[in-house]
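Once you scroll down, you'll see the structures, which are given as structure tokens.
In the two complexes that follow, chain A is the common piece, with chain B as its partner first and chain C second.
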Partner chain A sequence: MDRVHRLKSVLWTIIGIAAAVGMTRYIFGLGATTNLTDRVPWGLWIGFDVMGGVALAAGGFVVTAIYYIFRREELHPIVKPAVLTAFLGYLAVAFGLLFDLGLPWNIWHMIIFWNPHSPLFEVGWCVMLYLAVLLLEFSPVPLESFSAWAKIRSFLIKWKLVLVILGISLSTLHQSSLGSLFLLTPYKLHPFWYTPILPILFFISAVYLGLMMASWESLFTTHVYRREKETSLIAHLVGAARWVILLYVIVRFGDLFVRGQLGSLAEINYYTVMFGLEITIVAIVPFILTMIPKVRDSNPGQWFIASFGVFGVVFNRTVTGGLAHLVQDGASRYIPAWTEFIVSAGVVSFMAILFLFFVEHFKVWEQRAADPSVDPEKLPEFDKASNASIGTPLLAGWTKNSLIFISAAAVGLMFMSGKKVASQGIDSTPVSQARGCEVLMVDGNLDGYGVKFPHAEHITRIGSEPEKCTVCHHMNLPGDSQTECSNCHSEMYQSVDAFRHDWHASSDGANISCFKCHDKGKPKDVDSAVECSECHQDLIPAGATIKVDQYNAPGYVDALHIACIRCHETYIDTVANRKIDECSSCHKGAITPENKKFAEIVMTKVKAGKFQITPEIKKDRE
Partner chain B sequence: MKHQPDGKTVAILTDVTKCIGCRDCVVACKQTYNLDKDVPRRWSNDDGLSSRNWTSIIERENNTFVRKQCRHCLEPACVAACPVGALQISDEGPVIYDSKKCMGCRYCMLVCPYGIPRYDWDLAVPFVRKCIMCFPRLQEGKQPACTEACPVEATIFGTRDELLAEAHRRIKAEPDKYINKVWGEDEIGGSRVLYISNVDLSFLTYGKNYDNKSVPSLARPAMNAVLPTFATMAGTMAGVGWIINRRMKNMQTDELEENQDNSSSAVSSDEGDSNNG
Partner chain C sequence: MENWIEFGRGPLFRLCFALMILGLIRTFAFSLFGLIGAYHRAGEKVVPWGDLIKKTFSWLIPIGRIWRARPLYSIISIIWHIGLIIVPLFLAAHVTLWKNSVGFAWFSLPQIWADNLTIVAIISALLLFIGRVSSKEARALSRKQDFWWPPLLALPFFTGYLCSNISLSANGYQVIMLIHLYSANLVMVMIPFTKVAHCVLLPLSQFVSSVGWKFPRGTGEKVMKTLGKDNMKEEIA
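Here is the complex of A and B:
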């Protein structure tokens, strides 16, 4: 029983951490606990929990079909566990959906709001119905222990064949419909996977997986409970499975050939590698191994074959569900967060605990799996250090597992990233090495407005050595990811001293006399002053039209925001070598009456608080 | 549902060559629906759309601005995908969303060929968000807020027939200015939001080769096969079960009579069938 106890400890640890993540997900939302994005709305929780869960439960309909319909009596020992696994598999799907759905309390909506055109509607209904069928199919096992229910039990056993046929038909539908789900994503799913016969491929691989899963489950439980190994039975199952997978491979490649995709398999890229990996795991390795009688009939060999088969199909579902989706240029690929992995593992672990509960308390196998903890002969246990009683072995087990669960949940909470939970703006990125993205979306001035930031371009300009990164990524305030753009590009935001009169007049500054600029005998104002370019020939090009009528001129950003489109359309991009801190690089040439009129209209609008292009402006522009 | 016929349905035509990129449409949209301030998030796409921005302006080369919004397809993938019918085509035409029905499966986001629907990833009670072509305003007899706000009439509102005619008229009048194509007229089943442009707009989709088949039509054969498959499978299983059962009963009586093993025939029929599932 040591193996059972060890297994339970591991399972409760996983469930504990998953519970912490689950709590966070319900309080702070999906963004806090997943790496899903607007581009990748479905991730691991659908790809593995739902797609994989349904596929893993395929053992139920395959085994019951072989046993009850084709009457292969030798399957008898694995029928009940297969039905139980199928039931738990679907329970896992429903359970996993409670985390993945945005509004999980509306999960029942499908019962009253109908859209029969939706493949997901069909999958949902089949899963609900099949879950009910499986419950009825399996309930005679636990009901055996309650004599009051004997009538109902015998009724269920009498109608078992009907339930089995119903179960097989429902399974056929939704196993294939899981494939139909992706018929609606012709532009996202890579052509290696997208095919009109997706439903058929999904169904064949589900049958294959059903056989593999039944074998794997037998191998696993006989190992954990040290039961007698069912080697010859498994050899039969995997033997049958290899012909199913052969059929699958023929159909799959036939389809690729018909659609003319076979040639593109020769290139080496992400998708061909994924495809090759998938076919190798799901088909080639198990097929070759099953063809060798020595391997097929040995326990370790069967472990290999069944594990490859099971993992292969689940991998296929995950790839179809997300990994093989095409990515737009510049977008990063979705990689599940650790929180997503742990919730998936938690759901599976919870189902495993339920499985162990059922086999220990009811006659799922010929012989109930005896847990020593419920053995009345066993004496109470004592803590080795304090010598305090920790109760009977059963109670001690509960205490221990509860402690494991709670500690694991605490550890899980500890590891939740506060930043991610808060979901505020762009998440910080590690600065160890520049990722070399072309363009990032950053809230450059921490004012809530995102701008496009050419990161790669900045690296080229500043340098890629680690110490150069600190030019932006070092002197930050707490919570910042980078120095504000305006720290360097100050000239874009600062208003400009158009003319520093004080400085020109001061003895600490230019120290020039009034009459150097202003004509004698006239009021000392703008009109009596000489042009700046009289002195500053190097700074202001000939023909510049700067007239200093105020000391302060708007900064570049403000100037452009006042009259943006006019400048954009007519002027700004035509200026070569424009310097944004030098007004005159644009403002040169004569002020035309049109320019002046336009500027006046714009300025009145700006002063009135609303800048709108009126028919007047429009006319003027034309 | 009593939908308007395709020609009479409401539509929006955006002339990319006219857009000056002032974003008044974005502002009008946000004001109409009281949409929150938007900050760049890990999950946002770089097209400017988010659960708080239902329309956006995308800057392209040479000072070209392209407004992105829900295309309100004639045969929308999202409406076909939604298992609870939370996304519907309204009688007036726009594709609208009923947050009371939604259960948050996000299948609509997965199937949209334009990648339009966005999600409230940061909220504990999240909804799917997208442009609804100002459905409430249409019912009041007004035009959408964005088309009303546009200062240069780069994006205009009307019936689909009118706007298609206008689009073709503009292209014909200035064939050098425009690419000879009305985006949204036919591809992927056609849409209610149309574009004419001087730049290629295939970036609005996934940049792939589109045909004129609508997305829902791709899944239709499989969906139509559902009930027949169910009946066939149930019938086959019942039939096969009955035959094998009968044969085994006969065999048992034979065995009792002749007392000899005769199970090989049952084995061979089994293997053939298990391959077919």
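Here is the complex of A and C:
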């Protein structure tokens, strides 16, 4: 039992430091406690806490499926602990998210404001529902101790199979959808990991991890509580797991082959090393070890196999979630801060403490594990620090652990800098103008995934009278009547000042005096300035449907989405057989291979600084 | 030297302050749990709530108690507590430190008041210490911590006074400031683990003595046995 006490001391130390960091995160924000930036907003807390946590809890659905659906009775001893681990794992995910989300108090928004197109929406709902299912699935165990709840308990047991089936279906959905999340990042995730079948890979590895985690947990608890070892049962589990990982490896390499990435593995760089490391840990070592019967049936061998398997899949999730992301030129690679590691470790430790609490107080195993400090014959002890009696022997464990906790928390606060760190902002992404004649290629950032805009077709449809142009051309440069979008909406994602105050005032630009616009004797602000239209009558054409009020042009992406979608929604009933309000009616993937190639060439030139909008070009345009 | 001062003012202060707050919460929680346990074991379950609350408040503002026994000691003790609590909390320099680090501040004392209160606190600490050492009965009742607390508490007050009157500490300001910081940090760490924890345990202490009288017969002997002090019974007799 000394092992339990030592384990608890370590866990409480970690929880203490993590509590201090967590508090600092809530007072001073993510900037003060993480290495995350606007460029890398998802880090360890998503890669490990959420994706790793959900995967680690896969034991719940895998073991219940084998036991209840496939009726493999020999799994009975590990069903309850597996469900408990799954429940605590999902609790850890929810708990960890409260640290990672920028506005955690808005976490309930997903319940009310639905966005069915988002994979995150599916993941969120599945996790919530599955957490509820797991709670119902596990609650008969603690309810055993409360006779008042007997009726509810027998009801839950009666409906167990339904809950199990619900649990399996929900798990199947969101274990894979966590992979779908990364389908949105084709430019960010390295091609070794970015694949259309990422959801399938996530699901297979989750099943594998479920088996490995159930084994690891059995090994760990039998060691800590000195229980009888479940060696033959674990041999079964890891034996099954090796075929799952074999399937995984076949699918993974087959996918690399199909996508033509297999050859890139021959190079040696950061990504191939990561990939090799991952495959070795997750598949090669456990597979070879499991194939040797002597190792598979021995306790130390099982420790190796299960530890490699568990660490390997968690490593895979962390790599997919951040370490394998491509780095932009000039940006430094994201490496988690120590505070991020300690919070993740703290969340896990807290769940481990809860696990120990449940096995010590309820019948999770056939035999309840007893806390040795709770001995009615034991004499009261004194608080080691204050020499005052603080409670009965029942509290002895708490006396020590609370002292450990507060000391660790104080040490954690000691290391907090407590300084606010501001966001580094987003990079400027200049827009390149739409090219073409009758059909315009709208591809502001030249990535080849733009939209073909049939300009001439729109004119025929709407009409070519000057007042019809104003449906889209809602503001023009002085003297012009068809200024392009990119002239004012010159930033891809950020809003920019379309008025350009400094240009008007500068001797390089319009060179007009302050008092041409501002009233004399008043502070020079918006209120004291004249309307733009007093000088530029032709700036905003008559009948423009899009109103300009602040001369603060939204980003190119936002501006075009707003303009196109609003109009398409208005005309949706007049167009036959076309869903013109859907994304796919304009976005049709990469435009053509040639265009994509062209965009790539242009992009490399932009990156090399050859196509940058220099002051001369700017002046020229003006 | 400057680095050590910064360390004492920053990380070390955070460590000690956190230990003080968390430690006091811990001590309070355990005392409360212990009290509830004692209440369950007590022979009689009736608690005179009104009386308890009245007593607790009369100890919080002990003006009425001054003349009951040892009036001089009582007056000095009250003055000591006033200086002890008010000066560290409302000294303008301390409030500014809080303002600069956490961003909010509160009312602060005029410097002349703070200086005078500090002198009063140091003198009363000295008197209390002399009183304890000179009286035979007090010496017999005292534990070790009763002797070292008054000088330990007086140290940050004394060095603080020197630091806030720069003409007195022109030579060796940094050394004095260092002593001030580190002794004050030590005081904060010691608070929850020694008798000074009475600052949060006060609401419970009247309850303890009330419940204590209602334990079943023979409890005293059991306590002695538990403490391994059976032999003291003969000594008392």
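Following the convention adopted for this analysis, the second predicted complex is superposed on the first by the 405 of 622 C-alpha atoms of A that agree within 3 Å, B and C clash if a C-alpha of one lies under 4 Å from a C-alpha of the other, contacts with A are read in each partner's own complex, and residues count from 1 in each chain.
The working rule: a residue touches a chain if its C-beta (ideal position, glycine included) is under 8 Å from a C-beta of that chain, and two chains touch if they have at least 3 such contacts.
The structure presented is a predicted model; accordingly, all values stated were derived computationally and were not measured.
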item: Comparison of chain B and chain C by chain A residues contacted; value: B
item: Chain B versus chain C as contact partner of A:Ala20, first or second or both or neither; value: second
item: Touching partner for A:Ala65 - first (chain B), second (chain C), both, neither; value: first
item: Which superposed partner A:Leu173 touches (first chain B, second chain C, both, neither); value: first
item: First, second, both or neither for A:Ser402, with chain B first and chain C second; value: second
item: Touched partner set for A:Met416, first chain B, second chain C, both or neither; value: second
item: Chain B and chain C footprints on chain A, overlapping residues; value: none
item: Interfacial residue positions of chain A with respect to chain B in the complex; value: 26-32, 35-39, 41-42, 62, 65-66, 68-72, 100-104, 106-107, 109-110, 113-122, 124, 161, 164-166, 168-170, 172-173, 176-177, 179-181, 183-188, 196, 198-199, 203-204, 207, 240, 243-244, 247, 326, 328-331, 423-427, 439, 441-443, 448, 450, 452, 564-565, 568-569, 573, 612-613, 618
item: Interface residues, chain A side, partner chain C - complex; value: 20, 379-380, 383, 385-386, 388-392, 395, 398-399, 402-403, 406-407, 409-411, 413-416, 418
item: Residues on chain B engaged by chain A in the complex (per definition of touch); value: 20-22, 37-46, 49-50, 63, 77, 80-86, 101-107, 109-111, 113, 115, 118-127, 151-152, 205-208, 210, 215-216, 218-219, 221-223, 225-226, 229-230, 233-234, 237-238, 240-241, 244-245, 248, 266, 269-271, 273-275, 277
item: Residue ranges of chain C in contact with chain A within the complex; value: 11-12, 14-16, 18-19, 22-23, 25-27, 29-31, 33-34, 37, 101, 192-194, 197, 226
